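Chain naming follows the written order as A, B, C and D, and within any one chain the residues start at number 1.
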Amino acid sequence: MKKLINKPEDVVVEELQGIAAAHPDLVRVHFNPNYIVRADAPIQGKVGIVSGGGSGHEPMHGGYVGMGMLDAACPGAVFTSPTPDQMFEATKAVNGGAGVLHIVKNYTGDVLNFEMAAELAQAEGIEVASVIIDDDVAVQDSLYTAGRRGVGTTVLAEKICGAAAEQGRSLQEVADLCRKVNGWGRSMGMALTSCTVPHVGKPTFDLPEDQMEIGIGIHGEPGRTRMPLKTADEITEMLALPVINDLPFKAGDTVIAMVNGMGGTPLIELYIVYRKLAEICKAHGITIARSLVGNYITSLEMAGCSITLLKADDDIIKLWDAPVKTAGLRWGA
Amino acid sequence: MKKLINKPEDVVVEELQGIAAAHPDLVRVHFNPNYIVRADAPIQGKVGIVSGGGSGHEPMHGGYVGMGMLDAACPGAVFTSPTPDQMFEATKAVNGGAGVLHIVKNYTGDVLNFEMAAELAQAEGIEVASVIIDDDVAVQDSLYTAGRRGVGTTVLAEKICGAAAEQGRSLQEVADLCRKVNGWGRSMGMALTSCTVPHVGKPTFDLPEDQMEIGIGIHGEPGRTRMPLKTADEITEMLALPVINDLPFKAGDTVIAMVNGMGGTPLIELYIVYRKLAEICKAHGITIARSLVGNYITSLEMAGCSITLLKADDDIIKLWDAPVKTAGLRWGA
Amino acid sequence: MITRDDIISWLQCYRQVVGENKDYLTQLDAAIGDADHGANMDRGFAAVLEKMPTVAAKDIGAILKMTGMTLVATVGGAGGPLYGTFFMRAGATVDGKMELSPLEFLAALEAGLAGVQQRGKATTGEKTMVDALTPACQALRRALEAGQPLSAALQQAAQAAEEGMKATIPMLATKGRASYLGERSIGHQDPGATSSYLLFRCAADCFANKNKE
Amino acid sequence: MITRDDIISWLQCYRQVVGENKDYLTQLDAAIGDADHGANMDRGFAAVLEKMPTVAAKDIGAILKMTGMTLVATVGGAGGPLYGTFFMRAGATVDGKMELSPLEFLAALEAGLAGVQQRGKATTGEKTMVDALTPACQALRRALEAGQPLSAALQQAAQAAEEGMKATIPMLATKGRASYLGERSIGHQDPGATSSYLLFRCAADCFANKNKE
């Protein structure tokens, strides 16, 4: 295992120490339980937004804490949902009296731990709303299963809801907006390589030099299918078409598009994918109003990418353009 | 070779098409010769700043074109300096009558090609100043050799000089500032893995699972020494101490610190390195006033990192804090 | 009767078995999950054992509740809340008791299972820990109701858990992380069902000398 | 006399040899550089051959200058400006000529070498193309001045280039990208010296039947 780490068991704590040292202007880091909060939390009268999940997806979520996005992020062990005490304490730390929104990615662990945290917070009189993000079209949706995973749309939801909370919208409004964003966002991802969880020490799966995994999540898990490596254009189509057909996105729609790197893929390749995605959208009459190209929701050093499209109305575009000041996403401030 | 590409020979052009599609608000891309210019270039009365180099270092340089940083970037083939016609045309495209600064990394190819371009531009009556960045302490400096490589300080110089040009400083002043930044900046890098140049199709060098390269540049080349893999803390010391001792940075100095990923290293590891770098600086009485942690000057998918320290006075800090609006670095706008 | 010392040695035994099977559990999880179940359980039960002195003089309910709360607070993932709920609910049914009859122990386990199902909303056949816990509880009830001694009953429960665990191999996962794999989840043994089997295996081993009751 | 057709077939021959040795040159560059010398030279000379029709009726000076300018505009890296300068300077010395005497050809090559040294500021012993070009020009001059026919003289030049190329192996690089490696540059053959040797090898092969002049 080749990593810039000391001991596998210290990875998350040392990363948090690094974040605390690098961004004292943006965030404070609390240890035991671990969470990252805005340096100026709690903000009176503003809805607080808390997210969280396993570590290894950086910059998500810790990198999105700051003005105009999250009020707090709770990092679990690598690829392991955080524990309820983290979200409970973070919720208390960001509660400015207007209630707290939990943005939860749809993984059994995340859902259960956030659920327990919400129960604890509510028991202390804090109003908590939870919205579950489940945008991964690689997974068949069904009432009888765990449902779809939460992936790329999470980043967009955090930005957009963060802006809405900053405007002073109510908990109900911000939660409704978050559900709308989740309903309008779709993603799909693929991997060229596996990744190595530090405490495991070897790649989660073996992927021969001429094979790729399509329909992966963000936990280094294998995807829905393994197949021979294809060109960037073919891969982009294999990701974009299921995304477009799922909502479905239609001619005349305006979208925010994200081409996301899984951690080990260089930017040069992501732009090649974006080029094809833009072509495909154009051919479908879909207008890309805003875009993100880079590493936003990752799986450690996995090589690969995911595509997210979010149907966007004027409200969403305005909230997207609103100032944001975090380590991972920043503009207008 | 596992890459999200179509054909190796199309990588750069397709990347540029992707950049053009993703950032029409920030830049225009010119093909044949290839260069990226600010959407609003030329800006009358402002010193234009042009940089460039081989592709494969993204976001550098194309990701740094925009308000407050570069006016144009010239991407060569992967790891190959661009040709003089690119810099010549880019120089003409950004000349707003106040002259043009070429920021050149110290590689024979970059230096020679920029030199030829400057001769061509000067022959057309454009005032051109060239500053060579040579900040890599892994390479022994000498009048009789090619000298040190230009690495991390380039990013900081582009930001700081871009802000100075935006303020309306003269070509002479911006060039002097650039030389000052180069004189006050030092870097050193290391690799955990090699990278694969697309048209080569296999890793530039083989690095056993238990070995690393110390003192690498940004072209996938082997470093000064190969040695057994060490912990993140040990590695950070091996990079930071030569950097600190070279200038030398002294107790009481204020610096801008960058922990840069080589492309394939996840952010979680870079923060672990930053944590130790902050400790080391503190122990030396050096104050980190500003920091960057992320992928800023890369070698394709190479895993590894580099450390850059730049001694900063009030002028440099103010210029650093000035608004910048590029795909790769953005704040205040 | 099952004493509080028996309960503690069961948990100690399980902590050790989890440690020994950490890589095995993680390997199972790597195939259809995210390669952390072994590390998660190991971290959780190490914490439980560390906290044991805090319930030094306390009753079995307190020990089990402490176990559940510690798991919730240290494990994370799906395993944390599920095993946490299992032990918290089990503990709640035996509040204040310093020893348990076999049927009381059974009732605690059944309450734990009910808690897991309530939290996780999984039923048998979905390729989760429920597929090991359910047949184990059922076998234990059958054996005890048939008048078998605790040790024999627990052997049968452990065997049922093992069969349940193995039965997850051909299953298509519909709950938990393995469900994302769809058809590719078939052919792999569920890590949570495996750790649940080990829990019953430990009980059977620990309480092997409880023949008379 | 060397005709413009001879010059063109020399460039065609070199284009082909560079193509055949693309991976070899890149491999040499991977060891002490950045693994692009083969691709660079290949791209450059492919472009030169494509542009050949634009100098269809032109003199040797025009052909060589077109070659140099095309290399400058398509190669990049250190190789582009250096080989570009080599051919541009060589071309400038034979401006307007439709054929060259062996000594005129030599003078063109020497002007090219001088251009390379002026641009690159390297002298012999620094592990660059200068280490192949310099002995090659010297050997050619010696042989021609000794009255040897062009073909024999070029054979000696190519051999001197090859020796110069091999002599770069034990050298410590002090110019170009290999200099960053310090001591680790020792033991590797310089890619640019290799492509320069191949240029003289092609000349020797192409002009093999120029015995009489």
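As a working rule, a residue touches a chain if its C-beta (ideal position, glycine included) is under 8 Å from a C-beta of that chain, and two chains touch if they have at least 3 such contacts.
None of the values given here were measured: they were computed from a predicted structure.
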| item | value |
| --- | --- |
| Path length in steps (a step moves to a chain that is touched) from subunit C to subunit D | 3 |
| Shortest path length from subunit B to subunit C (each step joins two touching chains) | 2 |
| Whole-Å gap separating subunit A and subunit D, where each centre is the average of the chain's CA atoms | 55 |
| Computed distance of Cα centres, subunit C from subunit A, in Å | 32 |
| Between subunit A and subunit B, centroid-to-centroid distance (C-alpha), Å | 29 |
| Per-residue overlap in subunit A, given as positions that touch at least 2 other chains | 78 |
| Arrangement of touching chains [line / ring / star / complete / other] | line |
| Interchain pairs in contact, sorted by label | A-B, A-C, B-D |
| Contact footprint of subunit A on subunit B as seen in their complex | 2-7, 11-12, 14-19, 21-23, 55-56, 58-59, 63, 78, 192-193, 209, 212, 229, 231-233, 235, 263-275, 278, 288, 291, 293, 295, 298, 300-301, 303-305, 325, 327, 330-333 |
| Complex contacts: residues of subunit C adjacent to subunit A | 26, 30-36, 39-40, 43, 72-82, 119-120, 174-177, 179-182, 184 |
| Subunit C-touching residues of subunit A, taken from the complex the two chains share | 33, 54, 76-85, 107-109, 112-113, 115-116, 136, 138-140, 142, 144-146, 149, 197, 199-200, 204-205, 217, 219-222, 224-225 |
